[in-house]
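The two complexes that follow have subunit A in common; it is paired with subunit B in the first and with subunit C in the second.
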Partner chain A sequence: MGQLRWRGSILGPRFFVYLSTLVLLLILPLLLSPFNLILLEYGLALALVGLGFNLLLRYTGLLSFGHGAYFATGAYTVAMVGRYIPELYSLEMLLPLSVLFSFIVSFVFGFICVRHTRIFFAILTLSLSMLVFALLFKLYHITGGSDGLYIPIPSVFGMVFNRRPDFLSGFFYYFLVFVFVVGFLFMKAVVNSPFGKALQAIRDNEIRAELVGIRVKRYRLYAFVISGIFTGVGGALWSFVNGHVTPEVAHWFFSGEIVYMVLLGGFANFEGPIIGAIVFTFLKLYAMSFTEYWMFIIGITLIILVLLLPTGIAGGIYRLITEIRKGKTLSGI
Partner chain B sequence: MILSVEKLEKQFGSLKAIDGVSFGIREREIVSLIGSNGAGKTTLVNLISGYLKPTAGRIFFGGKDITYASPFKRIKLGIGRSFQIVHLFEEATVLDNVRTPLFARYGRIKSILWSADSYVDITREAIGILKLFNLYDKKDSPAKELSEGEKKILDVAMAFALKPKLLLLDEPTSGVATHDKFSVMNTIVSAIRKEGISALIIEHDMDIVSNYSDNVLVIHEGRIMAEGKPEDVMQNKEVRETILGIQ
Partner chain C sequence: MQWFIYVLNGLYFTAFIFLISLGLNIILGVMGILNLAHGSLYAIGAFMAAWVIITLSGLKGVPVPLLYISLISGALLAGFVGLIIERVLIRPMYGRALEYQLLITFGALLLFEDLIKLVWGGEAYYASQPFDILGKIQILGNAYPLYFLLVILVTLIVGSAVWVFITKTKMGIMLRALSLDREMATALGLEIDKLSTIAFVLGAALAGLAGSLIAPTTPVLLGFGMEPLILAFIVVVIGGLGSLKGAFIGSVIVGQIRSIGIVVFPEIELAILFLIAAVILVVKPEGLFGR
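Up next, the complex of A and B:
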């Protein structure tokens, strides 16, 4: 009696889905063409961004329209180290550095933004990211301006890779999967932790959260910084795949793409942003190669999505599973 | 006396919303605060919980002068409160609505890597509170799916989770259907009695007041009009005429 039944226990069906996804990710290099594998890498890097973005949107109730700023911070950290301190240009240095710089930028920006919520928060984040865009664009001599900067292939603990395709389809792919899995597990822990509950409490009722003893602004800032770091790391990993970075990643248009991909996957589910990031990457590329009016296609999918799948792809899948389960129990009687 | 209020005054512009109020609440005592709309009841609760600062007078809690202490400090000292409208974590489960205050109280709210469920003791305590408030069956439902009455009860349970010595409840049965008012009040009061905490409850319904309170405080235009046992206060001529509307 009084048994506590833990929801989401470790060996639930969800765990097996995760495990098979991981196995699939590990064997995909054998199945996918190099081209599609690289697309998947873009998707995985963006999936980290989506996880970070959704910590703010889903779990803290803050819609950022300026996540491009932290993405750019990660990507430009890599580019600038490559240009100015090449002796530090190795993966094991670049990743911690991108964490450090996205921490600093998101801490400062977050400090300003978390004083506000709703549309004011969205506008502030957007404005600050446009500031970053303007700086990257104007400081031509430092940042390469609109031409952007080249991203060399990094060395890894002294190992040197000569051809980008080999690097990307070999070591880097597995490294990316590794970072993704670590980020996934970390974020999963965060949202289920007391800290994650505090964020959701703040989202639901600020007054009560304060009353209960949660320092609302401080916790919003913590969430903002974690979100910014995920986005920065995503940006750094993305830059290795892309080989090149331009100020566009700090533009609100790119931030809008982040919002879009998370809605596409479904922000109400933990896995939604991951699905969204990967689907979006393939959708965008194939739409672009199919027609120069690719934005038109993206727009149409958004409309279809809002009308037919308001909870995104993940929400749709969950609903389907529920329906199937119901059907099963009914026929099982 | 766990709480004593001395010559308290609160001025809003030209309006004296609280005008020289003095009273006390003893340990384990449940006091009802009654008065017509705009009498100053909510203002008085706001002064005691620190949401407003008085223009004159003193407030002592457990012998300590807390007249100018912050609301946060007062919560730590053991003054819990609810508002006229409920403040719940609507999307969260009923269990998490109670567990989150507990995490905060035990200094575990910063914990970021262990799942909330792994805190078995805190989860047990939360479940104990839910049982005390007859909400155990609903523990996995999102708070937004509760009935009005259950929401009111959960609201009090959340304040309760902070282990207050004194609970200030602003109209705990407002918005609850008439036929549910008694059961809601029953649940809340029996939990309060069981833990032996003190309470100041703003309430309109005289039947509820006389059933559940040790003492009644009548406030009118910012002043105390009458004070005492429910049956005595109800006999007071002035109270009958101005508050109860009985000739």
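Up next, the complex of A and C:
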């Protein structure tokens, strides 16, 4: 049965939406202005973060308010390698390194955090990310302090790029799409695997899951680490686009933005965080260029969203589709 | 006798952290909501008090005691803003999932950051008159600002009053019942809505009071509420969720470490605090006085 459903979903309408989105992503550099393309790159990097974040929120039932810590780990891995071991500063080295370091940090933090759930988990992740923030901020002779660190353009398998705009709108964009697609497929596989189902069982009823023989804390830790690595890779990719990284990304304020964008997209759906990340990037930048009171706009949007559209954009779309289908069958009768 | 000054400074830090985390903890305990906008309420209190003090000292013939009484204005405004937040934003959130409750207060935080900028402008407020007037006194051969002692004293009084209110009065007992078992409290016919409003307004006013007390000692800037909020989080983590005793002990620990840390290891002072919080959590996951 499971196999049948799996095959069914692969050839369903969802598959064609994915495929056309991919085609769209590949031809977008021809359509978008360089400025908007870079915004899209920010969005795609954050989409990876959102996917990782949602593995915890949607599938494990844990709300992290400190994902900025792993984001910062990825971004600062890049920055520190660039500053201290420039001979390693190439894309094919940096990405595995950011995976490694975000693995270490999220493993240690996760070990402490998964003993708790609900609000305590949120406070705990928040506090630990502020620990990272405090270290990045105060140890300025190592980390550059509040000025942050410059992110040079990386070389790729010996290829050297001189101008950042060319790098970003050329090779890097396609690389980013590639990593995004790989991450997307990987996460899709994770949530549909027995492991993913076990996580959802834990989310729905911890005690029952434990009685069935699921090792709750260990599985939570696995989910935490996968989530952290996705976030770290997202941070690393983001840092190349941004060209600069400051401790702000480890601040809980930034973690709050991650929560916000996932909710904006709709955390109840697998695709929601991706939509949310991209929409949030554009929303924030256009709000910032529109008025100095952009936080007001973001805050009001957030409040309206929570009060009126708690399922986010993706939830709204899904509801719309259901309505249309219902309408069709009704008129068919 | 230098250590004595550190201890006094520690007490002063303790005082203002205690006021903030007490409010945060009351809201958390009674309503089960972590108020991320708590720092904004603190900032609103600080801006209001600073603005009133500056306005008053600009006038002629204002008696000095009025300057000190005007410090209450911050607590009043913060309490009022808290009332609005609770009515408009928090009330629809009861029974909603945790992420929505957190996000709505996060939204309020963003909103108030900009509202503060809109109302009081982007510049810093210097309202040091109450601090300057009191001057310094000699304690064991060290000059120490009398105003800091006043803050400690006010906190002691307010803290005791809140403690009496929570433990001895009927209203306080109802609040504690609500925090212990919401369902049972509802079944007993307690007015949940009214009690929640009281808890939130009380918590907000305490944050505002902390802000107004601090206003004369430091320039009041935008983003003023961020750091105290983080300190209050640490206190809550160390002391335990919703525990008044925990809030007090946690504040003492955080206050003293800060006071020593600023002198001895300024670079990693905040990190040390987080490390201590993490260690306590590994050893005693519910916090020192959590349940």
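Convention: the second predicted complex is superposed on the first by the 325 of 333 C-alpha atoms of A that agree within 3 Å, B and C clash if a C-alpha of one lies under 4 Å from a C-alpha of the other, contacts with A are read in each partner's own complex, and residues count from 1 in each chain.
Heads up, the rule we're going with is that contacts are C-beta pairs under 8 Å (C-beta built on N, C-alpha and C of every residue); 3 or more make two chains touch, one makes a residue touch a chain.
Computed from a predicted model, the values in this text were never measured in an experiment.
Looking at the shared chain after the overlay, A:Asp204 reaches subunit B, while subunit C stays out of its contact range. Residue contacts after overlaying the shared chain place A:Val212 against subunit B, while subunit C stays out of touching range. By the touch criterion defined above, A:Ile321 lies against neither subunit B nor subunit C after alignment on the C-alpha atoms of chain A. Set against each other, subunit B and subunit C differ in how many residues of subunit A they touch, and the higher count belongs to C. After overlaying the two complexes on the shared chain, residue contacts for A:Phe195 are found with subunit B alone; subunit C is out of touch. On subunit A, the patch touched by subunit B and the patch touched by subunit C do not overlap at any residue. Subunit B makes touch with subunit A in their complex at residues 71-72, 75-76, 81, 83, 87-92, 96, 99-101, 103-105, 108-117, 119-120, 123-124, 127, 140, 158-159, 161-162. Looking at the complex, you find that subunit C touches subunit A at residues 28, 32, 34, 36, 89, 92-93, 96, 98-100, 102-104, 106-115, 117-118, 226, 230, 233-234, 236-237, 241, 266-271, 274-275, 277-278, 281-282, 285.
Residues 57, 63, 65, 112, 115-116, 118-120, 122-124, 126-128, 130-131, 134-135, 137-139, 252-253, 256, 259-260, 263, 267, 292-296, 298-300, 302-303, 306-307, 310 of subunit A are the ones touching subunit C in the complex.
Across the complex, subunit A meets subunit B through its residues 2, 4, 6-7, 186, 189-190, 192-198, 200-201, 203-205, 207-214.
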